[in-house]
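Could you have a look at this structure, given as structure tokens, before my questions?
Labels run A, B, C and D following the written order; every chain starts at residue 1.
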Amino acid sequence: MAGSSFGKQLVMTTWGESHGAGIGAVVDGCPAGLPITEEYIQAYLDRRKPGGRDFATPRQEADRVRILSGIFEGKTTGTPISMEIMNTSQRSGDYGNLATTYRPGHADYGYDAKYGFRDYRGGGRSSGRETAGRVAAGAIAARLLEEKGVFVQAYVSAVGPVRCDTSRFDPLSPDPAVIAGNALSMPDPAAAEEAANYLKQLMAKQDSSGSEVTCIVKGLPAGVGEPVFDKLDAVLGQAIFSIGAVKAVEIGDGTAVVRARGSENNDGFYMKDGIVSKKTNHAGGILGGISDGSEIVIRASFKPTPSIFREQQTVNRAHEDVSLSIRGRHDPVIGPRAAVVVETMTAFAIADLLLRNENSRMER
Amino acid sequence: MAGSSFGKQLVMTTWGESHGAGIGAVVDGCPAGLPITEEYIQAYLDRRKPGGRDFATPRQEADRVRILSGIFEGKTTGTPISMEIMNTSQRSGDYGNLATTYRPGHADYGYDAKYGFRDYRGGGRSSGRETAGRVAAGAIAARLLEEKGVFVQAYVSAVGPVRCDTSRFDPLSPDPAVIAGNALSMPDPAAAEEAANYLKQLMAKQDSSGSEVTCIVKGLPAGVGEPVFDKLDAVLGQAIFSIGAVKAVEIGDGTAVVRARGSENNDGFYMKDGIVSKKTNHAGGILGGISDGSEIVIRASFKPTPSIFREQQTVNRAHEDVSLSIRGRHDPVIGPRAAVVVETMTAFAIADLLLRNENSRMER
Amino acid sequence: MAGSSFGKQLVMTTWGESHGAGIGAVVDGCPAGLPITEEYIQAYLDRRKPGGRDFATPRQEADRVRILSGIFEGKTTGTPISMEIMNTSQRSGDYGNLATTYRPGHADYGYDAKYGFRDYRGGGRSSGRETAGRVAAGAIAARLLEEKGVFVQAYVSAVGPVRCDTSRFDPLSPDPAVIAGNALSMPDPAAAEEAANYLKQLMAKQDSSGSEVTCIVKGLPAGVGEPVFDKLDAVLGQAIFSIGAVKAVEIGDGTAVVRARGSENNDGFYMKDGIVSKKTNHAGGILGGISDGSEIVIRASFKPTPSIFREQQTVNRAHEDVSLSIRGRHDPVIGPRAAVVVETMTAFAIADLLLRNENSRMER
Amino acid sequence: MAGSSFGKQLVMTTWGESHGAGIGAVVDGCPAGLPITEEYIQAYLDRRKPGGRDFATPRQEADRVRILSGIFEGKTTGTPISMEIMNTSQRSGDYGNLATTYRPGHADYGYDAKYGFRDYRGGGRSSGRETAGRVAAGAIAARLLEEKGVFVQAYVSAVGPVRCDTSRFDPLSPDPAVIAGNALSMPDPAAAEEAANYLKQLMAKQDSSGSEVTCIVKGLPAGVGEPVFDKLDAVLGQAIFSIGAVKAVEIGDGTAVVRARGSENNDGFYMKDGIVSKKTNHAGGILGGISDGSEIVIRASFKPTPSIFREQQTVNRAHEDVSLSIRGRHDPVIGPRAAVVVETMTAFAIADLLLRNENSRMER
């Protein structure tokens, strides 16, 4: 059953496979009158583009977005915005035994079990390339949020055992230039350097590393999130877990709350400059599923890239035990390119709920 | 905008406030012919019922479920199943300054910011009591899963610093009798005893503790989950984060994947008794958002109960700094009563996706 | 698959069978702060109540609505509003061969074909009694529309060959007192009298009559309706066709447009008192699926009551040809009791689209 | 709010404006393994293509569909099918006062009222050209229905006062070759000739005509349709009313039921060759919102083309009374090109409900 749409008021529908004709998204429900350009969207796509970074695959995709509808005279018209990113560098006929072998850590077996067969070229729909459509759609959401004074930023906060040191940067206001200035999208240059060395060692061993992405939302007013199933954290949970390779989502203190006591975990309210404020933000800006006016803090744990070059044991479609050697182009770590996916998915989820919240009462 | 429904093929809609007339749920889309009784549902509700356990509030609610529609001659008819659990012990007029004061760690401020006012009686819709409706709905899903050979079980795996020791029980097949046999719903009696002592110490200090719930799904075939936004983990993420007080959701190895290497995190496939199997299950049974035939492993981190009895600083509706002393009935830990909520929400999400998967191909 | 919910921003979910415990509805997504009382809703229910009119079944249901949630201190809280109307007069064990025989003109055969069995008591879910839930939900929508200056009114415009004469009343502003003052809900007393005589003749022959209901919406601003599938007429089409026994829905001139010419069917715009107005309203207030500021005019054609007392030929569950004699309580015409259903379904559809339209642009 | 998607299990999302880059649709939820080609879809598009018929606009669009995703090795993969039809002949800069003038009978005023401005080029999103996306999507549904033995056919049954004579053709099995063989898509050649003469007279007077399209569904099993809001007729009602210019939708006897008596309107069931059959089909194959195994019969009344060449009075964006002369390319009647739109929307609605029905019971 259909599962390629996300959002209820602002809705994206994505399509496309890694090595098909292209990738795209339709954004429906965007209010009319939002100024938007292809360049604005392109800047987000460029952040997830392979090839530009030391630890990304050498595949060279132009990844140029084209807007096909829904924009007139530089502004959204209120009608669906269709965008496409045509594939240009896909190679054909070169999949070897990937057509019939189930790669460990991948969805190959699941797709065959589900659909009876699959487009095996480059992972088909389960490829990370699928996220290009989301990023384009999320860029529109980010543009909408900008107009409403809400800003979203994601960065890599850990690669394997190397963790950014929050004494060296402001975790709520990391410097975008620093993040963009290193191959690992980390706001702490020292950690970035250390992580780069760690990855080089792993690559020498034909191995890969896990990573963590942190995402911050600033400027979100209190009251956003729809009880009881479309709570802000619930929708964010779906949004972030829908990104491939995510194995944990945390809000605020996350898993650390298990060991916490109520007296320390409760964020006391107080008045600051006439605004209801909190002395701490263990909650990560969400209480009872509704934004409380503080920064939203989300963390996503990405598993190590499953495509590693060392030989692995697995099975094939004929249900035989086989050994597999993966070749081709694969990042040794997922977080650096996925950070913009986390950022744009978060932006989309927040924009949808912000619009939904506009009808919460008869009088405003 | 409406957010009280969950699921797409199998849909629950819940309603009700803590101290209103009652709590209920409507389950729509359940296939006809499923045998179900009020007793079956009641058994699930009894597991979240307050009053039956040392560390639960002394509030005495009969919490009797009544089925009002959708069942005829002991079986579902395919039409909506309406269930209600009337409130019987709500007290009135005894809310003191809770009507105007924002409790730290609660949604009070968020509700006022969103709706302009709120039903302050016992937390209204944001009360944990809201989950009674979900549990009733999820019990129907669990019944449906039983028929299809799928079983879901949740238990408390940690309370504060006390963690169950998996050398003392089978974490994939915990003994339900052991779990039901201690006040903390833990499958490891020694841990349960230690946790009980820990909680008693906290209660003496008018404090509360965080906790962790683990949920296992067995018997789920490969292929369940809808790319790309309704992936199995994405839907579970929404389901579990929609439960109050959850601050992290993990699948399989969860946050530990950040430090892992691909060579150790990849679960190698192999043939076992003619079945595609995996040597390990770091993935927690989900690859690329689709079930892989292994056990699904989910963990939810619950924050400490925010209602603690020691005096706290906060603000009120008039935006004044005030101090607050909470009285009444409050559990010192959330996990033990929430385990059945995690279990039934998981069951509902799985049942919905299992039904959705039945249309995945033209021929079966 | 679930089909018991209607609306996207304002959503109703209905439940209940004719002879089960009761009938009800949950309305989710109603903005907070709308004043509403049980009495307001009851007044709508009383209009569809059997027993109060000469041409309605003698079944005596108190049909008292009870609000169970979502209202606090007389106003909506923004959380789901659950309402129930318990069945009080259902008789049991008296269904004779209706349990196994497919009544002509009814859904009995369809339900068995679909679900494998059915609740045969009084038609179960396919009974006209199901509409009680919709009427309660629609009454809330009507209350919301009132606040926004929009008013909906439905009346019976024809019974068999007897048609109201628009030279005797204002078809856009019929007198509610006149409509309520006759057993057939007609705004033209002379037509009502003639229709009553016609029905008496049919009843003597154990027969029934078709009827037509007209519904007018006043005060709806231009711009309501969502291209391209949730156009105003498309959503009204679903809403009205979802009422049992409706076989045609017309907007404005309806079927008469087939014979019309463009030069006469086009409603010319002109400025009147500074407002964009139309000289005629062949369009029934909807152009391209969007309201144009004129009155919305809808007509629904109801088939004759299928439950007639004369003997009919049909088949049974065992697939044998049998003859059937229906006894019990049945109206000889559907429109008079269905008018309020058309009115409230229209109100619900319009309220949903009015709320949805509030996000149509960035700036208002 | 988003309104560009239709269907629940099988979902189409359409995009595109008349004079933008192109038109397209994404179909999500199509089961894997359905053989489909661009040629199959193109044949449907060719039926709505302008230029090929005497009474259609001379605009020459190649209207070539391209499938961008979701098909691999000639079969659907279960992932979203993206299709686009690029615009090739749009002219620019030649809209004169259409940018600021509200055409009578069109959605221009509604779009401005709703969105604050509009893409005025060729009607933008409200153009009939929007239906190209639906036809492509509906062609996939028709292909799916074929596999399940269900066939849909639409034809023009009336143009102005000229009505096909059912004594001259089988209204339930019209000859596709005859329909394709005349410019008006009528199954009765004599009526087609008479209608052609009628239209020529109107064109000479710079006028246009209304029309009626009839659509037949054969082979649909009993049991399809989801109570109570997604009844078969309700979903068809939405589907057909969502097509521009439709002012009435009828099922079976349609508006004629108002004058009918129950004894004549009830279709008696009887056994025929071991199958539950009906002696008549006044119901048009739908009872209580569920298919009864008979042919589904739908009629849509199309208003006359609103774009006529004679001068009309209207208003402009500045709210001034102005006169308007429309030039360009406009059909004098809508039905002949819209028949395939009715057919494909019907196919899509039926296919969605057929898939939804597959989960109606635990055991089949």
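As a working rule, a residue touches a chain if its C-beta (ideal position, glycine included) is under 8 Å from a C-beta of that chain, and two chains touch if they have at least 3 such contacts.
Just so we're clear, the structure is a prediction, and the values are computed from it rather than from any experiment.
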Intersection of the contact lists for subunit A and subunit D: B, C
Which of B-C and C-D has more C-beta contact pairs: C-D
Centre-of-Cα separation between subunit C and subunit A, whole angstrom: 46
Centre distance in Å when subunit C and subunit D are each reduced to the mean of their C-alpha atoms: 26
Length of the line joining the C-alpha centres of subunit B and subunit C, rounded to whole Å: 39
Residues of subunit C whose C-beta touches two or more other chains: 1-5, 8-9, 14, 29, 32-33, 78-79, 114-116, 125, 227, 355, 359-361, 363
Of all residues in subunit C, those that touch subunit A in their complex: 8-9, 29, 31-34, 78-79, 144, 147, 227, 355, 358-363
Subunit A to subunit D touching residues, read off their complex: 1-5, 7-11, 13-17, 20-24, 26, 28-29, 32-33, 66-70, 72-73, 75, 77-82, 84, 114-119, 121, 124-125, 355
Complex interface listing, subunit D residues touching subunit C: 1-6, 8-9, 14, 102, 104-107, 109-111, 113-116, 125-126, 130, 158, 160-161, 202, 205-212, 221-231, 233-242, 244, 246-263, 265-271, 274, 276, 279, 282-284, 287-293, 301-308, 310, 312-315, 319-321, 356-357, 359-361, 363
